[in-house]
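Please read the structure below before turning to the comments.
By written order: A, B, C, D, E and F. Residues from 1 in each chain.
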Amino acid sequence: MVNKDFEKIESIIKERKYAHDFFQKNSKVYRTFVDLEQNTFSDGELPKKYKELIALGIGIVKNCESCMEWHTNEALKSGASFEEIIETIEVGIEMGGGPATVASRFALKVLDYYKLKK
Amino acid sequence: MVNKDFEKIESIIKERKYAHDFFQKNSKVYRTFVDLEQNTFSDGELPKKYKELIALGIGIVKNCESCMEWHTNEALKSGASFEEIIETIEVGIEMGGGPATVASRFALKVLDYYKLKK
Amino acid sequence: MVNKDFEKIESIIKERKYAHDFFQKNSKVYRTFVDLEQNTFSDGELPKKYKELIALGIGIVKNCESCMEWHTNEALKSGASFEEIIETIEVGIEMGGGPATVASRFALKVLDYYKLKK
Amino acid sequence: MVNKDFEKIESIIKERKYAHDFFQKNSKVYRTFVDLEQNTFSDGELPKKYKELIALGIGIVKNCESCMEWHTNEALKSGASFEEIIETIEVGIEMGGGPATVASRFALKVLDYYKLKK
Amino acid sequence: MVNKDFEKIESIIKERKYAHDFFQKNSKVYRTFVDLEQNTFSDGELPKKYKELIALGIGIVKNCESCMEWHTNEALKSGASFEEIIETIEVGIEMGGGPATVASRFALKVLDYYKLKK
Amino acid sequence: MVNKDFEKIESIIKERKYAHDFFQKNSKVYRTFVDLEQNTFSDGELPKKYKELIALGIGIVKNCESCMEWHTNEALKSGASFEEIIETIEVGIEMGGGPATVASRFALKVLDYYKLKK
């Protein structure tokens, strides 16, 4: 993992925090979205870990880098193994074709980043 | 569940079979895709059930009705509960917003269909 | 406007209601989404009418038929003129290209439907 | 090819014509889009046939049924063979994954339809 | 707003200009697209301001950064207030879910950029 | 073409190689996807060149930068002329609207890059 990738991921994390603070203060709609997020990803019949993996799969197909970073981290914190992340990426590739293999490169960097942080 | 919905789902199943047979016979690319599919959705560290739920979540966000039908059925056959399907739909809604609530209506019909078939 | 189109639109309205009732009863995530929707589309600095037109433009680019039906109706109820709906469709075409001209056909049917209902 | 598919394709053709006539009369934006379309798909260094196949590939990945119908017909009229259409579908599958195999079913019906019409 | 964001936005503006000049000179299709754009966003029953906000909402859901930059600027120049831009972002979030909250971060930077320029 | 664009393209090429090597070693699903890719883009009734142009058109509409880089290069290596690439971009614009004009900027840089390398 090169330095530039490391910086990109940290920059995504910082930007999320900045915008989150702004919208929390200024947007009731955003605050309701945060409620929606918390209700969605709490443990249910489906443990949080699997919900995060579902969201990661969606993030790959939509090529949403910040989604991949967030849901990978949340999945790891909920006990997902690196291998489970890889298999989620594989589902993303089956469902997204060529462009999903491009997204999977960023997902891999995120995985490398969290391996280093551990 | 009204009759028209029932017929729509059965028609998706029939059309999939018809096209599958044609492409199996006539397209090496398609045959390789079928290999890709089988390698993707076999049990790994992540049991098949969860891979199917990830694909269902993607199907909701992409509003792919045939994907919803197929991966719901595969998830159910792999032991997913109705409640787990509902929670997968919820992740789809969080990740897809308003249009995903539209897709969730079809996912619900699929669930009703397989409840009836059981 | 032929009969089949009329029936299709009424069927979208009925299906929305059916799924809405189910998810209202069974999904806390969905109920939070409904809050999100209400907070989003209430009058603000931007009157509800324009918010509905923005959502209609998004519905066209995403080819979400139920979104087109809902947000056209809401826009009309908030005072949008037929011409304003047409101009919203035009923005959708500029932003969505060829496939948006396909979506615009359904938007036009919705408009015809509500002209008839008035 | 069953009757229902035949009717669906003819209904797409009819709806396109109806909306085209309306927007031609009522929307300057639409008329400019028609110019854009004609400039795009005329013979250049790339003969019209290949431009239509590119658009068909895009139509598959976007699951735009009317696009598939139109660009398949235009490609055939410009001399594309059935096999070339199939290989275009294959590129769509590689670039679109599972959901593109779903779209390819409709592309196949369109091909069947035009085989019958010939 | 950090320096890097400022530079990114200025780089988008510069790249747009560079490509615009190239395609204006070399592509009749592109020139027709520019006509389409001008016809679309001129004042009609719907003032230009609202058309730009519709396009901004679409840009958020498509995560098109250059679209967000352009249509925010055009909306501001047509008299949109910062609050109206925020409410447009909110519609984008309702229609785009989690990935739209990611796009909204860039929209916010654009807003910060034009606040500074004013 | 400025230095930063040159570096971005080379960085895409390097990242693709890095991830490709990782997934080749660690993912059977990915290896099957590589088979799929090779079967798709080999000469058939449709020469490889045109298949690459179809994939480029899809890459534009999906705003997949790495896809644009790869398929432009493959098209050029298969004998596509710069003009044929431009006309493919034009089809992308017709099918993708405003956001595709944004993607076309990157496609243009890729073209500049390969002109320089020649």
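Rule of thumb we're sticking to: a contact is a pair of C-beta atoms (placed from the backbone, for glycine too) under 8 Å apart; a residue touches a chain by one contact, two chains touch by 3 or more.
These numbers were taken from a predicted model, which means no experiment stands behind them.
Asker: Centre-to-centre on C-alpha atoms, which chain is most distant from subunit D?
Answerer: A
Asker: Between subunit F and subunit B, is it the same set of residue numbers doing the touching on each side, over half shared, or a different set?
Answerer: Both copies touch with mostly the same residues.
Asker: When the contacting C-beta pairs are counted for D-F and for C-F, which pair yields the higher total?
Answerer: D-F
Asker: Between subunit E and subunit F, what is the separation of their C-alpha centroids in Å?
Answerer: One centre to the other, that is 26 Å.
Asker: Pull out every residue in subunit E that's touching 2 or more other chains.
Answerer: In subunit E, 29, 33, 36-37, 39-40, 55, 59, 62, 67, 90, 93-96, 98-99 touch at least two other chains.
Asker: Which of the residues in subunit E come into contact with subunit D in the complex?
Answerer: Residues in contact with subunit D: 28-29, 32-33, 35-36, 39-40.
Asker: Under the definition above, what is the set of subunit B residues touching subunit C in their complex?
Answerer: Within the complex, subunit B contacts subunit C at residues 4, 63, 86, 89-90, 93-94, 98-99, 101-102, 104-105, 108.
Asker: Which of the residues in subunit F end up touching subunit D in this complex?
Answerer: 36-37, 39-41, 44-46, 50-51, 53-59, 61-62, 67, 81, 83-84, 87-88, 90-96
Asker: Touching residues of subunit B toward subunit D in the complex: what are they?
Answerer: 11, 15-16, 18-19, 22-23, 26-27, 29-30, 33, 37, 55, 59, 62, 64-67
Asker: Which residues of subunit F touch subunit C in their complex?
Answerer: Against subunit C, subunit F makes touches at 93-100.
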